[in-house]
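Each of the two complexes below includes chain A, the first together with chain B, the second together with chain C.
Moving on to the complex of A and B:
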């Protein structure tokens, strides 16, 4: 499986929702502590090559593709800004927007897949902001968390509902039509780094935490988790529900592995890939190509492989 | 830390509550709430039914907490909020603590309503006032004790800075003062010993001279001489006195200076120790996401401060520790070992150096008013959109895709080559295609229209003639794995419904049998069991 080497440490990887062979990688210099950032846009045919890349003054922590425009990408930058890039324009015209409202690092972005008109940004300034591409300022700010918000995820079926995962050990579920959060899940005893919704059951949400576990919750009965997935050796950095298989979850962790789980099964761990040699920090599952996985980590490598195959196989 | 003792208070109130109440009700952290669980299923069913009938516009959304307020939890929260330690903390951390214990918003609001309110302004000024009191006390004490006036302003000024660490420095100040007093006393004693005998001897001399003079009253010059000698002696004595007093003054100023130097050096050491302890904490990875504010202020470089990717574990206990989560007795998860170069960079930044590989980049938009381009491609439907809500949208997409599909296909075909299968689409890939009309109800990721397969970049090649019929038969048998996924064509998949819990899996058509055999076709020496094993692997699909 081809590999792509980035000059900086990888932070996030996402497949394009429009083109099967396109994906983007967010990277930061010096492990994201202090330094520049770069956003790479790669294509997979015939091997992984770079289409274009964009440099930023500060590290890029996350990215998301637009669901409405095939050439737009949004980057969450460590200086708190969100930058929108248009691949149909030459690099000298990019970025087309820089939205700077967060007081601290922007750590996560997510694009609405239902109405496809808006996106969220999660920041270390304890807030989540709602934006649309055409507006220069945020539409709404959701300020309730008591600590950094690491991730925000839209519900795949309800256009107004999203969840946010925070370092205050809670996951909050919000409805953009309501003034405040509608549910508070005290999901873990330690910081929660990532959350994602089940694409096939809109009430199921998975949370990944510093306590090395992934918990799957049903919001209708949120006091007790549906499943607790143990197996990672260190903090779980990112969790993602499969777009093709209802109960499958992909996760990446500081134990340098990417794991696949089926939470409905007794022995939930169904795959483990230990191809990275440093923290595995980003993982994604392709929506257009079933079984295609991508991951990136602090070892400055991006792997794309089919589930069931060895990512490092030539 | 403030909150840990308050947590103790929380646990004791819980224990008391459980002892007093007959049924052991929900303990925080072990959520078993029989009361709420009884009410929930009935509410669930109602909500589920509603959620299914009215989708987005449902007022009773599933994502709302519909539990009634639990009085017990509210009472525990009230006890927690009334705890004296808790009262000093900002409101948001109290809320966060209660949220982590599993209280709902309504319960928390009710508890806050019941506890007599303390305004946030009062809570924040309180700790400031107490610290200032401590600082003012120190210099006043010193002033009482210091006998020497000149040293007052200096130690008072320096002691007020370090008023907190009074024990160490007070005794030190006392020692210095005592030493000075002793030296003063010593010089006084020295005075007595040296000056007074001189005076006495001088007086005796004078008296003797007087007596001698009376015998020879003619000796005036001798008297004058003696007077001169006496004056000289007096002058010498006075000079001595002046000298010693001057020396004393010098020594005093020197002491003062040394004292000040000592104080400043201790301050520097203290700051360094603080930095080191912070660095150690970080190296052990106990901070998440941010570092204390005072460190950010210390660095005068223009960059806005450090970021620390969180490792595992809880936040260190510094002046901002109240802000963070304070896990209870549970074991802290082990810290992931960070890469060595990561540690080096962290250490470099702690020292105030900037890594040399950072460039100045201007990433501002060159034209912020650039109009956002119109979308060129219609959004592709998601595999989980089963078409109920998206039916109208799909009709629009059908017409668009028909025009876009061709251009898209040509673009990809140019890159692919017509017959070359992209490496990432081989073997286990299920390219969803709809061949039969009756499957149209379930949308697939690529195609929406019925009976017209959209040309995608990868066209499945025709399955080659089967080399081994038994192998083909083995391939076509349904597998027993839990992650069931059919290897079969449409007709056969419909016929065999093994434990498929996901309908979509049944529908996703497969050219995989073609693909799989194509891969295995080269190695025709494989027997059926090996082929089965291969198929097993390919069953672990997403």
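Moving on to the complex of A and C:
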């Protein structure tokens, strides 16, 4: 299974929604604590080669692909800026936009998959901002969280609904047509680092926390979680619903493993991959190739593998 | 109803019992109108219609500037709809290219490396790359959670971190530590973070804590808190240390305590705070038309109740703690007297703040309209009622908020202490931790000041009185007995302080012995005596590159060129004060053309390319000069360090091996070899090389630090004690090479 070595510590990996063999990786020097960042665009053929890369003056914590243009990428940079890159242009013309409104580190970005014209950024300045690629300023700022917002995720069915996960131990559900958040989900007793919506049921959301657990919630009845997935040994860094199987979830953790879960069965943990030798902080599931997974971590490696295979197998 | 109309005019907006400039709504109006006009300026500067990409489709949205996205209207006060689009239309009929150019120009400076913190990626050629040192150091910090390895403060080599760098390290490590050390106690986390910060000498310059926000950050925090969020575990965010760090700039550490005592009994703020809370509660009720918000409120109230019941002093103080945790993120800066002035709030600022906080991004106007519809009772009435709740007269609440300056949190703290909420032991702990921290800082500071730029002679030098210490020193140096050679050369420069050769050789001996501070100090003395000595200038250029001081490095390298008999003509004298990297690099490239066989020019080019992080070119330059000077062991070392920095640690090991073959007692190359192995994750191997380096020069403090890091990375915690006690015999037996 192919591996790619990045010079800096991996932070996030995302498959292109347009090309099954393309993916991008966000990396930061010195674990993102200090130093530069680099965004790599990679090609699977079937080894991993680099198509291009972009340097930034601060670490890159997250990235997302545009859902409307195959060549557009958005990076969340630790200096608080969001940078938009166009792969069809030479590196000297990039980034085509640098949006700097967040007062602190930008930690998450997510592109709207329904309207396909806007994206969200989550920041350590406690806010989420709504942007479009064509506007130099944000469309809206959502400021209710009381601590760092680590990620924001659009609902896959409703163009105007998204969720945000914060260190204030809540997930908030928002409708951009409404003035404030429409729901506050006190999902964990500890900081919540990530959330994602089920791709088949628009009321199901998964949350990942420093308390080592992943919880699955039905927003129509949020007093009790639908499932609690225990198995990670440290804080769970990212959680991602499968685009192919309704009840499948991928997660990565500071315990250096990537796990796959089926939240509907009793023994929910269906796969554990311990290929990373440092914190595993980025995981993605390909939309275009069923069962294809990618992960990155602070061991400066990017792995792409088919579920069930050994990521390290040559 | 147009925004402006709603805000400025209309009886509906009048608040009973208010008038004049202290009228909060007037202030709100000012703030809103002020912000709209400001925003127009921004639109002018950054047009939305541009031609910066090959694909015009991205900008199709600009045809309907603000209507396209739902939710846009909630940002109206910041984006005046009508004026905005009119303005844009006018603008688009104007010369579009010019605007596009302007936009391009704004965007261009974003090219990587032209901004931001460059220093960290600069490269040391002589000893382990700081970047890698820092990286290994952070690595051991990050992993200290696994297996509870205590992460001890160590004194690292000067890494040349800027204030911005320090702020990042401080803020980010505090936040991230709470993720990796999730199952550890707060004390553990605090200890780890403090050890990291104090090792990196990050602490006392509090002014650098971050850009001071334009508005009142602390007011914002109070509002957030009064919204009654659930308090997370981060609330206990190492406030003790954070707080003490903040306080360093109060020159007298006791002043803080004293000021509490003086203000004892001043509990006005606390009362105020309660009022604000009840005010917010009623606002919440008013807003609570939808169920989820009621649920949130219920949750909040329950939480508040729980907090009140909890006897844990941490919880009792959680508001305060949360406030302090904000400080841990550098959002609040305490500047004693200075900030007081800065924080006397303009009513306009407050109004804007209030508006934002209150509605969570919703415009006041929308809120107003909604409330008018959904309740018989409007926001205005509610507002008036709340004012009565305060029992205050005209505009007084504005004043009350103005009083919320930084010291208020101190008052609150003091108030809580007075009520015994915190408990005696907590207070004592705090005091002790604070004292400890202060002592540590004082010690560190003295340490670093004494060592910078001043040459420190050894005690009890047996070579003092030697008839020809220079000759002896040269002889010892040739034999590779560096530490002995240092003593002899010290005797020489004590005897003949004007002997530049003595100082120069002393500098080189220190550099090879892995002691940069002393090397620089000696080289500077050599340069004082003989300002045009080319070898000295080159050595200083390299040392300053190692120390990440680009300007100084350029100065010495440039003056090397200027004093060189062959190249002096191509370097104009008038430039020497104002050097740019590109100019200097160009001059040296010219010099290389003049005499392509001058190894020194290629060496300088290699150094320069390291400064600009063009490692491939740097490697090429060093390889060229190695063809000319294949037996220069320090050059092999430079090549190795450059390769290590460009992530070719395996190649670097080959280069270091060349250096060691030429000079087996080259302590620095042994240590660098260790670093390269460590960079490849081969910690066991790295330990052997560090131990070898240390057996040759036990005074190489840096190598002891690297050794410690490698030991913990290799899970050889059993050897940490031997390392801390510097028990070389034991280590050599355990790790033979």
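For the reader, a short list of remarks on this structure follows.
One rule holds for everything that comes next: the second predicted complex is superposed on the first by the 313 of 314 C-alpha atoms of A that agree within 3 Å, B and C clash if a C-alpha of one lies under 4 Å from a C-alpha of the other, contacts with A are read in each partner's own complex, and residues count from 1 in each chain.
The criterion applied here is as follows: contacts are C-beta pairs under 8 Å (C-beta built on N, C-alpha and C of every residue); 3 or more make two chains touch, one makes a residue touch a chain.
Everything numeric here is computed off the predicted structure, so don't read it as measured data.
Of the two partner chains, chain B is the only one touched by A:304; chain C is not. In the superposed pair of complexes, A:186 makes contact with chain B and with chain C alike. Contacts of A:130 after superposition on the shared chain: chain C is touched, whereas chain B is not. When the two structures are aligned on the shared chain, A:160 is found in touch with chain B and with chain C. In the superposition on chain A, A:117 contacts chain C only, with no contact to chain B.
Contacts of A:51 after superposition on the shared chain: neither chain B nor chain C is touched.
Looking at the superposition, the partner that touches the larger set of chain A residues, chain B or chain C, turns out to be B.
In the overlay built on the shared chain, the residue A:176 is in contact with chain C alone; chain B does not reach it.
Looking at the shared chain after the overlay, A:141 reaches chain C, while chain B stays out of its contact range. In the superposed model, A:246 lies in contact with chain B only, and not with chain C. Chain A residues in contact with chain B (one complex) as well as with chain C (other complex) are 29-36, 54-57, 69, 71-72, 78-79, 83, 86, 88-89, 92-93, 95-98, 104-105, 124, 133-134, 136, 146-148, 160, 167-170, 180-184, 186, 189-191, 193, 210-212, 234-235, 254, 279, 298.
In the complex of the two chains, the chain A residues touching chain C come out as 7, 29-36, 54-58, 69, 71-72, 78-79, 81, 83, 86, 88-89, 92-93, 95-98, 103-105, 115, 117-118, 124, 126, 130, 132-148, 160, 167-170, 176-184, 186, 189-191, 193, 210-212, 234-235, 237, 254, 277, 279, 298.
Residues 42, 46-48, 52-55, 57-62, 68-72, 74-75, 79, 103, 107, 110-118, 120-121, 131, 134-135, 138-139, 142, 145, 161, 165, 168-169, 171-173, 175-176, 178-180, 182-183, 211, 213, 224-225, 227, 229-230, 232-234, 287, 290, 292-293, 295-296, 299, 322, 325, 329, 331, 356-357, 359-362, 366-367, 370, 647, 681 of chain C are the ones touching chain A in the complex.
Of all residues in chain A, those touching chain B in their complex are 1-2, 17-18, 20-21, 29-36, 43-47, 54-57, 67-72, 77-79, 83, 86, 88-89, 92-98, 104-105, 113, 116, 124, 133-134, 136, 146-148, 155-161, 167-170, 173, 175, 180-184, 186, 189-191, 193, 199-200, 202-203, 210-212, 219-224, 233-235, 242-246, 248, 254-255, 260, 262, 264-265, 270-271, 278-279, 285, 287-293, 298, 304-309.
Residue ranges of chain B in contact with chain A, taken from their complex: 26, 29, 31-33, 36-37, 40, 44, 47-48, 55-56, 61-65, 92-93, 95-96, 99-102, 104-105, 288-290, 303-304, 306-314, 323-325, 327-328, 330, 333-334, 336, 339, 341-342, 345-346, 349, 354-355, 357-368, 370, 372-377, 379-380, 382-384, 389, 412, 415-416, 420, 422-432, 445-446, 457, 482-483, 501-502, 504-505, 508, 537-538, 540-542.
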